[in-house]
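Following: one structure in structure tokens, then a few remarks.
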Amino acid sequence: MTRVRGRGIASVNYPTGMNLGGDPTQALIFCQPTGSFTVKLSSTDLGQGLKTVIGQIAAETLGVPLEGVIIDTGDTDSAPHCMGTFASRATHRVGNAVIMAAEEAKRALLEVAADEMEAAPQDLVVENGEVHVKGSPDRKLSVLDVALAAHFKYGRTISGRGIFLKPKGGVDPETGACDPDSTEAHATAVAEVEVDTETGEVTVLRLFGAYEVGRQVNPAMVEGQIVGGAVMGMGHALMETVFPYYPAQDHHTSSFGEYIVPTAMDAPQIETVVLEYPSSNGPYGVKGVGEMTANSPVPAIVNAIYDAVGVWVTDLPVTPEKVLRALEDKDRALSGS
Amino acid sequence: MDTTTVTFTLNGTTTALAVSPLTTLRTALRENLHLSATKAGCSQGGCGSCTVLVDGEPTLSCLLPLALIEGQEVTTLEGLSTRGGLHPLQEAFYDRFAAQCGYCTPGMIMAAKALLDRNAQPTREEIREALVGNLCRCTGYLPILEAVEDAARRLSQ
Amino acid sequence: MKQLGIVGQSVKRRDGLGHVTGQTQYVDDVFYPGMLWLRMVRSPVARGAIRRIDTARAEALPGVVAIVSAGDVPNNWYTILGLIGVGPPDEPVLAHEEVMYQGEPICAVVAETEDIANEATSLVKLDIEELEPVLDVEYALNAEAPVIKKWGSNTFIYDGMNHRRLRFGDVDAALKQADFVVDGTYRLSPIEHVPLETHCCVVKPEPDGRLTVHTNTQALYFSMDNTAIILQCPSNQLRFLGGTVGGGFGGKVDVITEPVTCIAALKTRRPVKWRWTRREEFQNSSTRAGVKMEYRDGVMRDGRIIARKVRSLQDAGAYHRHSPYGAQKHMANVGGPYSIPNVWADVYCVYTNRQPSSAMRGFGVMEASFAIEVQMEKIARTIGMDSWELRMINAYRNGQMRPVRKVVEDAALVETLQAAAELAGHELPAHLRAMHSNDTGEQTGNHAYGGGGSRL
Amino acid sequence: MTVTTLFTPRSADEAVDLMRRHGSDLVVLAGGTIMMPMINDGALFPRQVMSLRRAGLDGLHTANDHVEIGATANLARVAEVNALPPLAEAARTVGGPALRTMATIGGNLFAHPPHGDLGAPLLALDAEVQLAGGRVLALEDFYAERASGSRAGTELVTALRVPRPQGQSVYLKCGRRQGNTTSVIAVAVQVMIGSDGTCSDARIALGAAASHPMRARRAEEQLRGRLPDGEICAAAAEEAMAECEPFTDAIASDWYRRKMIGVYVRRALEATLSIHVGQ
């Protein structure tokens, strides 16, 4: 028997947002005469789907259909400041700024609608692109009609400004006391591996992940982060480094022939479950899921290797060579004792 | 500088292009023809993001001088949806969140098309093998495998 | 939790149709007529003194339009976190006196085609006196090691100290009381982000003197403001366009392409593109930091972790970039998701002569999580306790105090353990299934959950 | 100045003529998967490049006792040569499908280790290299000539003549991931078992185990004339470990490569025996 299986677990926390020099993001929203809302941002979508989830948050807050929201981002000439997309902050920060802007725009919308409908603004709600009087769904006006009235009859703007700021916080140099995050997400991963004791090769068979990331704005994209992060974490654990003999600089990698990343043939079976415990300060209870998903598989895999063959390989990446050397050391120690 | 004129069929249309001698198919597509679906991920033949079909075969367009495909037929991602609608692979990638940043997507879809053209009902293992030369850093591949399986079903209907 | 409308629905990606049709426009897909290509001449050695940079042969190559050297950079300091007070400035945009890592940018060639620019870089003659490099973080802290930073130390200086420290409770006393002491040393070699899209920037000079800058930065304003500082121009002279990135993972938060491309565009008065090669991504772009972490945990027979002592060395490589912040983030997370009443950490941001490390997906925290969770497994094996139970009895509860003096709130770690066990088909005993994150011990009588720092 | 001319000769003779005229200034592409990355990376600035894509060297003929494979036959086609299982398997595990439609068997002989996966199975199958002008030499001699810097390195390879396996043959590759992987090492073996059950001949070849693919002759000696069993496979593996001359690179250290030669030679031999027993 040269192939041995093992299972390992790992639990992690992950902080949302940075807190070094203050961490703001702004959003502006305006209503077009056609009743569409444009959200102006300078935030960046790296592929995680920011443009999509921000559209969902804006539509939710405004009470209009998703199709009625345009997300316009990526131009410093036309949109206000955003710190950037990193630190698992984007959905949290941008989402909060967009809610603030959308609420202001919605108030303006309702004030115009109130004049048009001869009702009090506080008695009105916006749902599915229509303004109606609470309890009287028939007393209604489309957002389009309100927008037209605002532009061409009342001369009023329907727009909103939003900002979210995590204020700058210092670090006590003596104790390290600080406020390093806005909220923390959590996860537990389970890895099942098979180790070839003759070659040291490790195959990840299955990865399980239970994630607690606040409210999910878009569950399919949350799952996309978890699955993608799991495979990246597997690469970190077993394959990747630009300095294969770190700290030596020899054989510095220069191509995909030398720097080994997982391929479609390496992706293990991955099963996930998401628990929604909302944060108190995120938009609709969002925390953040961008970064943490690559973290938990790494120690879970290392622990699974120990479970399988009884060696701790704690120098990443856990290459077959390191596993084999550890197994040989263990054999020597056993035969010596 | 010397140039050479190359005539080939691009997404069904005869195309003639004058380029410098070693200009690659990828550079010609992107910089001369402004068909930028085909990406420059590594220029080393290592990532697959420049994959196109040459006479139906998956090909790394970053390593192939245009002058060498005289008279041949090239299909890029732009050639998949020329009739207005999406190709079933495109539909499936869209529906199943198989693209995140989208940078590997064109090459991935072309590699998958090369597979489905010769094997209409591939197993998951066969899909993995067909896509092994196309790297993705965002999705963890599983949504892509599901999308190709889904596209095969759509194509068979 | 209240049910919402469109929030919570798996709606399709807004950019999905662009992606699957190849119509999404990334920076490399931007072309302007007459656009030039930029390539970088880089240091062949890890540490050295520059004696002479001879660009004559490169300039003579037909098709070469300009060379951009240190003298062309209005403010030749590249210290991205300088915006928020991190300093002193330590990294030149283009090296001119010394080089601190293999691959450090020295001068740029701007040419009519990428091929010509490539060849021209090979014609630049560098005369560099090689000096002994510092490559190992432990050696860097050694008194005999060459000091590679101008401020006389090989570490970042935090508030006058050569490390960030965490002091919570009385670790040494707790370690003496512990039934078991579990040690572990954890290492991580530098990792590349590997987005499929390499760094890319296209700059177009506008008739009014402004610059339009297409960039795949993860942070447009941050990059613009840093570029303005380097160009010594008001930031309203710059227009940064982006927002669509072919993968970042933290690798595109360094402002690493925009300043030089802007200078090249200003110097030539033509649009310029700088697209990094994959080789540059691996060998020159910043990495996740190499790390060495030493953990010592004091544990009671019943599984309570009562003390943790950590010494951690983060390999920043040659320059700050985001590493001083990463080390600080590491300090703040050495406790992990557990309630440990006594925690002590010294975290060093150490400089070496290798390509700088910087931000990468979860940096600072990922490394801590790795060490912490392998420690947890070692502890479980050492004291003979089930590793699920060990985590669950130590998991922090809402209302408890973390070592950074922040109260835990909205946490549900215990619940993720329960859900993961169920998902993986591992049956937990009833007392573990009954636990929850709002239970600080009073209700169940479980002894493990005292307030922070008060258990001993 | 960049590349000024790309020659596309229509025959081997035309190619040889160009090589003679331009000498070492001419960069030769078969499939382009070795040289084009270097040119794209700015590691090489040739003026004249010659592609063999149209030189008519991509024939593939299966005869009763051998297969003749033109130098520019691509790996996708080689992967389907069922008559030569270890060679087909080696071709099938190089890169991904797109790379395999470009990379050629002839070009593979010029790949620098750890690349050049086809070398080991070709050695195990006793392949011969046909050079323009009619010279034919054993692949082992071809590698030796190239290493010594003499003729073979400058002559045009036109085809490989690969005898069909006489005995049981196996190819095993050790990589760092499941597919599209650079070799840590590769092993190809061909074992002939006589009617008395003893090994009448054995060819063991190693890839990524030295500066070019090599035969493990002392390991082969362990098998000849013997009734092969697990012990003898292990002894042969020990010999292979001793005679290989591995190197260190980004993929693996020389220490690990040598270890894997031992494991994989033994496994490959055991696999040939189980095939034999199975029949």
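As written, the chains take the letters A, B, C and D, and residue 1 is the first residue of each chain.
In this text, a residue touches a chain if its C-beta (ideal position, glycine included) is under 8 Å from a C-beta of that chain, and two chains touch if they have at least 3 such contacts.
In this text, all values refer to a predicted model and were calculated from it rather than measured experimentally.
Contact counts per chain pair peak at A-C. Separation between the centroids of subunit A and subunit C, computed from CA atoms only, is 17 Å. If you average the CA atoms of subunit A and of subunit D, the two centres end up 47 Å from each other.
For the pair subunit B and subunit C, the distance between mean C-alpha positions equals 33 Å. Averaged C-alpha coordinates put the centre of subunit B at 29 Å from the centre of subunit D. Each of residues 10, 12-13, 15, 113, 115, 194, 245-249, 277-279 in subunit C touches at least two other chains.
For subunit D, residues that reach two or more other chains under the stated contact definition are 2-3, 37, 40-41, 178-180. Counting partner chains per residue, subunit A shows two or more touched chains at residues 46-47, 49, 220-221, 229, 232, 244, 252-253, 255-259, 261-265. Viewed as a network of touching protein chains, the structure reduces to a complete graph with every chain in contact with every other. Within the complex formed with subunit C, the residues of subunit D that make contact are 1-3, 40-42, 45.
Considering their complex, residues 2-6, 8, 29, 31-33, 36-37, 39-41, 49, 51, 53-54, 76, 95-99, 101-102, 178-180 of subunit D touch subunit B. Touching subunit D in their complex are the following residues of subunit B: 1-2, 4, 20-22, 24, 43-46, 48, 51, 54, 57-60, 62-65, 67-68, 111, 114-115, 128-134.
Contacts from subunit B toward subunit C in the complex involve residues 20, 22, 30-31, 34, 36-44, 46-47, 49, 76-78, 80-81, 86, 89-91, 93-95, 97, 99-106, 109, 135-138. Those residues of subunit C whose C-beta lies close enough to touch subunit D in the complex are 39, 61-63, 113, 115-116, 118-119, 121-122, 277, 279.
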